[in-house]
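What follows is subunit A paired twice: with subunit B in the first complex and subunit C in the second.
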Partner chain A sequence: MVDSKQQWKAWIYLAPAIVLLLVFTVWPIINTVIMAFQNDYNAMAAVGGQTFTIGIENFKRAVEYRNFLTCLKNTALLCVITVPASTLLALLISAALNSIGPLKKALTTVFFLPYVTNSIAIGMVFAAMFNMVRTVRVVQTAGIINNVIMFFGGEPINWINAGSTYWANMTVMIIYIIWNALPFKILILLGGMQSINKQYYDAAKVDGSSRSRILWRITVPLLSPMIAYVVITGFIGGFKEYTSIVGVFGETMGPVSDKGRLNTMVGYIYDTLPRSDYGRASAAALILFGIILVVTLINLWVSKKRVHY
Partner chain B sequence: MKLVLENITKVFPNRNKGEEDVVAVNNFSFEIPDGKLVGLLGPSGCGKSTTLYMICGLQKPSGGKIFFGEEDVTNLPPEHRGVGLVFQNYALYPHMTVRQNILYPLQNLKGDDKLSKEEMLKRTLEVAKLVQIDNLLDRKPSELSGGQQQRVAIARALVKMPRVLLLDEPLSNLDARLRLQTREEIRRIQKETGITTVFVTHDQEEAMSISDMIVVMKLGIVQQIGQPQRVYDDPANLFVAKFLGTPPINVLKGEVRGGMLFIGEEAILPVKGVADQPVTVGIRPEGFVLDERGPLHCQLSGVEVMGRDVSVVATHEASLNPVIRSIISAESGVDTTAQEIRYSLKPHKVLLFHAETEERIPVEV
Partner chain C sequence: MASVTMKEQDMRSVTARSRAGSVLAKGMTYLFLMVMALIVLFPFYWMINSSLKTLAEYRLSVPTFWPKTVIWSNYAEAFTTARLGQLFLNTLLVGVVSTLLSLVITVLSAFAFARLEFKGKNVMFGALLATMMIPGELFTITNYRTVNDFGWLNTYTVLIVPFLVSVCYIYLLRQNFLQIPNELYLAAKVDGTSDFKYLWTVMIPLSLPTLISITILKMMGAWNSYIWPRLVANDAAHQMVTNGLRNAFKDAAGDQTNYPVQMAAVALVSFPLFLVYIFLRKYIMKGVSRSGIKG
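Our next item is the complex of A and B:
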């Protein structure tokens, strides 16, 4: 313990961090709650000196707004599909990386690249890869994906351009998000695997386990705390999905023929900014917070049963 | 199942290129008769664990052959050898219950060996009863004491009825009392099952107490193989003599002149058939007899009472150890105030070694 006479020193040392946290984290959170419960709160009107009644009008407006359900559906779908898929894929890749010798470092670096690359930049590359423009029946320009499809004699698919279908758009987003989510998960899972005592594997070998059996009966249970961690953080990240959509589709949040079709919860919150409708934005933020809280609690409850020690 | 090692060698390449490779086990040949318990004994780094892992199949020998009975298993992977291995820290799967841990090797059986669920559970219960843990089957390893974990590990190794049971430092993680108890336990289980068993230890007392045979190793080279008592009484060289026995053997500088052993200027013992030469003399602690007219003069520095016996600590200028320790019956009455103490020696407890090669010099009886 710090001597009580010396405590003021400790506070001084902590002051820079505390001040920053108070100004940029704690106060905004409190302010969000305050704004959310002032009926029809508007930033411009508030500056003009208007006062607002207290109530849940903002939440009603947020839920009733036409885009809300679309955003919620997109966000939930992306989460439910990409988090399990990327976790499983990361697990298999980590297991493979962990069992190879010479190229391990080089490959680990390759898998880690998305983590250090700007997501808008990646999005633009994806947009180029899945691109296709055609006039009547002639393909004018096509990205590498469609080129490959055509090379094998397939019919090119309109992935993201005007007139593309919802599931074509979603497929691109799912591929993007899974690929983008891999590095962090691989990093955590590979680290976890390397810290598993080698004797368990020797014991399993003497006990005559096959490789797949070792993975599912030994590695996965022993990794369960790390797996729970990447799933929980994955869901939290997934519900905040936004930049990936902007990266691929730009601010239209969907193909130009159907703007806003792929919008997410965070996108929904941002959309209100030009209108200064901070009341609705705050309410939506709290709703998103509530959803993430519930999902995380479910995750923790499940992992309590499944995480082994 | 007879276990034969034929010129087993294991070389680990040196990490630093250009430097000499490490020979962990050098040209080890040995035949373990069926149903025997054999202790591999030596200080750390002597290659005993490497030998065990080669028998197990987790490591491949660089040279030589391993036979189980008549079958050459040198190139078989561990799962096809039919071995059970108990790890030093047990390596019980922490996420499985005791029952699941013991079941696990059975669930891995394939093809003709595949067992029905009832059969697996029956075998699990049998082996659990054998090692007396049948009341702990639903616990997790973390809820067990060290000794209980040890039993589970042995059960897991035994459940698939291995041809050879291997134990790596089986007692090193247990406290002193449990160690005594568990080594009796290992002996009993081995006798009941009749499985050829090899275990590794650095504790000579442990090896001597339960083994049918011991193998003493040093720096990858086998020093001596034999029944524990024989090796203790008749060590091949100074290393073996020093390694076996607590308290350790006392080592003194001496000389043989005209068939008589001299320590300093004192004529100690007649030694028949030994040529005149400087020698290293090893005297077992129990080889000393208090004798007012004894030939060996020592300076008394203390007496440690151990109940039944007393341990007399003395010094001698020819001693190569800091002190000379002898074990004497408590009834013989040591005068603890005396400056000097005199001993005569039991001839068969006095061993002569070549001063340079440290090989044993036989004495005619």
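Our next item is the complex of A and C:
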């Protein structure tokens, strides 16, 4: 009965998916590796019939190209700062949400709202909030964030305009990325907390444990698989950071005075495409893949030691 | 006797203290959540507030927290400045067509993996899952070249076809299909029901929530996609909404930018998403938490 008829039927059902995957997923993987290891591979030259020697020239060129290290530094910094910060904040918010009765649903709805937004569009809102409008060096509007700072007696800061400092720019990006990363993490962590057996908490209450002790000694260990999950996906997503920066700074990827200052690894790869220097772009993409793989493996290794399943 | 009363008193004072402590803790918890909620909501409030001001009011050195005169015309101006009508239509067309095709492909593949027996099934499924580990950026370079060779640049096809198959959704739907007892399928077979009829009358209705989740996430994906459309279809005729919005207001931090109009455009792009969220929140949250798709 379970026969040749089912065999070919199954392949017919799978045919559209397989064809598309072969063209747009499998072939790209193979081809990227091929292009990356052909020295100085260039699409234009390849069409012209030029052949290339095999080697790792592209990787060297990718690393030595002017802003590679800047891109790598920006990406790594954003990851290392925003992933732990947003995870911790999401953990606190989830724990708080999990402990309340009234308003829980309404507040959960609010906290998940940033998930459904367009990261370019809201990036433009953040840019407006941090922007200083000046005409002939006279500040007209300092921007709402600076207004708040001045209200508390501080000095206004040039966050994103021409002449702003690197760390001012980074601060804006860090705030925006954390704001953007919270909803997914809260959703996963809150879901995890709701499935923790209530008996643990009852036992802790009988023992008279404090709230923070309950959070760090019961909730966090029992939640550790979910925490590991959001940290790992956070790092993977973080290394692909790009659109949020385009949202705030535009395609200049930095303040007008220093374009490309905030560029990331993904931005680096895309910048190469129109110049058909595919060899370098492919090498950069493989480097990014390698970094993500290593970071994920480190994460898994750490979580193996720390996570209680 | 006396010692017993002492203990009771102790107990009472301890419970009173812990009750006071727990009230305080509750209050702190709510305070913390309210402050965080305000921070989360603030950009949305500021977007709407700014979008209704005159440029002069927007530029006041002391900001107003609600426009003194509400300027609705900003929205009309935004609609024309950013060519939002055209952008919405393009995005809707790409979103609807790619969602429909993607659903068909996903349902067929998930059915094959969940119900049919064939050689190499597990190997195929494993290979499919393995592709999920590889970052999309790795595909883009070759795909850019492929669509260029196909002559697809600046067409609707290039926005629809390359991303029709989502392994993640196939996986999600397969899991859902597996929960439907196999006996139903065998009984239908005995009755001589065709696979398609069985799919259409039993499996699809039973997994409707998952299909709705996939539809919404796919549509939102089209609405929010930026990198690929920007790369392959950046001409005026095929621009999608996110890309068009960014291009309409090029200098992010310029002094000349008409921010109220820009914020109105941003709001117009955001409102459809809010509506979907308000009415279909359940499906979005379920889909996201089960498939782990991160924005």
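Definition applied: the second predicted complex is superposed on the first by the 299 of 309 C-alpha atoms of A that agree within 3 Å, B and C clash if a C-alpha of one lies under 4 Å from a C-alpha of the other, contacts with A are read in each partner's own complex, and residues count from 1 in each chain.
We take it that a residue touches a chain if its C-beta (ideal position, glycine included) is under 8 Å from a C-beta of that chain, and two chains touch if they have at least 3 such contacts.
It should be emphasised that the depicted structure is a prediction, and the values quoted were computed from it without experimental measurement.
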item: First, second, both or neither for A:P221, with subunit B first and subunit C second; value: first
item: Touched partner set for A:V80, first subunit B, second subunit C, both or neither; value: neither
item: Contacts of A:L22 with subunit B and subunit C, given as first, second, both or neither; value: neither
item: Larger contact residue set on subunit A - subunit B or subunit C; value: C
item: Partner chain(s) touched by A:R211 [first = subunit B, second = subunit C, both, neither]; value: second
item: First, second, both or neither for A:M35, with subunit B first and subunit C second; value: second
item: First (subunit B), second (subunit C), both or neither touched by A:V302; value: neither
item: Common ground on subunit A, meaning residues reached by subunit C in one complex and by subunit B in the other; value: none
item: Residue ranges of subunit A in contact with subunit C within the complex; value: 2, 6-7, 9-11, 13-14, 16-17, 20-21, 23-29, 31-32, 35, 43, 89, 92-93, 96-97, 99-100, 103, 107, 109-122, 124-129, 131, 133-135, 139-142, 144, 147, 160-162, 179-180, 182, 184, 187-188, 191, 211, 229, 233, 236-237, 239-240, 242-243, 246-252, 255-256, 266, 269-270, 273, 278, 281-282, 285-286, 288-289, 292
item: Contacting residues of subunit B [partner subunit A, same complex]; value: 56-58, 77-80, 83-85, 87, 89, 91, 93-96, 104-105, 108-109, 140, 142, 156-157, 160
item: Subunit C residues within the subunit A interface of the complex; value: 25-26, 29-30, 32-33, 36-37, 39-41, 43-44, 46-47, 50, 58-63, 104-106, 108-109, 111-112, 116-119, 121, 124, 128, 131, 134-146, 161-165, 167, 170, 195, 220, 223-224, 226-227, 231, 241-242, 245-246, 249-253, 255, 259, 262-263, 266, 269-270, 273-274, 276-277, 281, 284-285, 288-289, 292, 294-295
item: In the complex, subunit A residues that touch subunit B; value: 197, 199-200, 202-210, 213, 217-218, 221-222, 224, 308-309
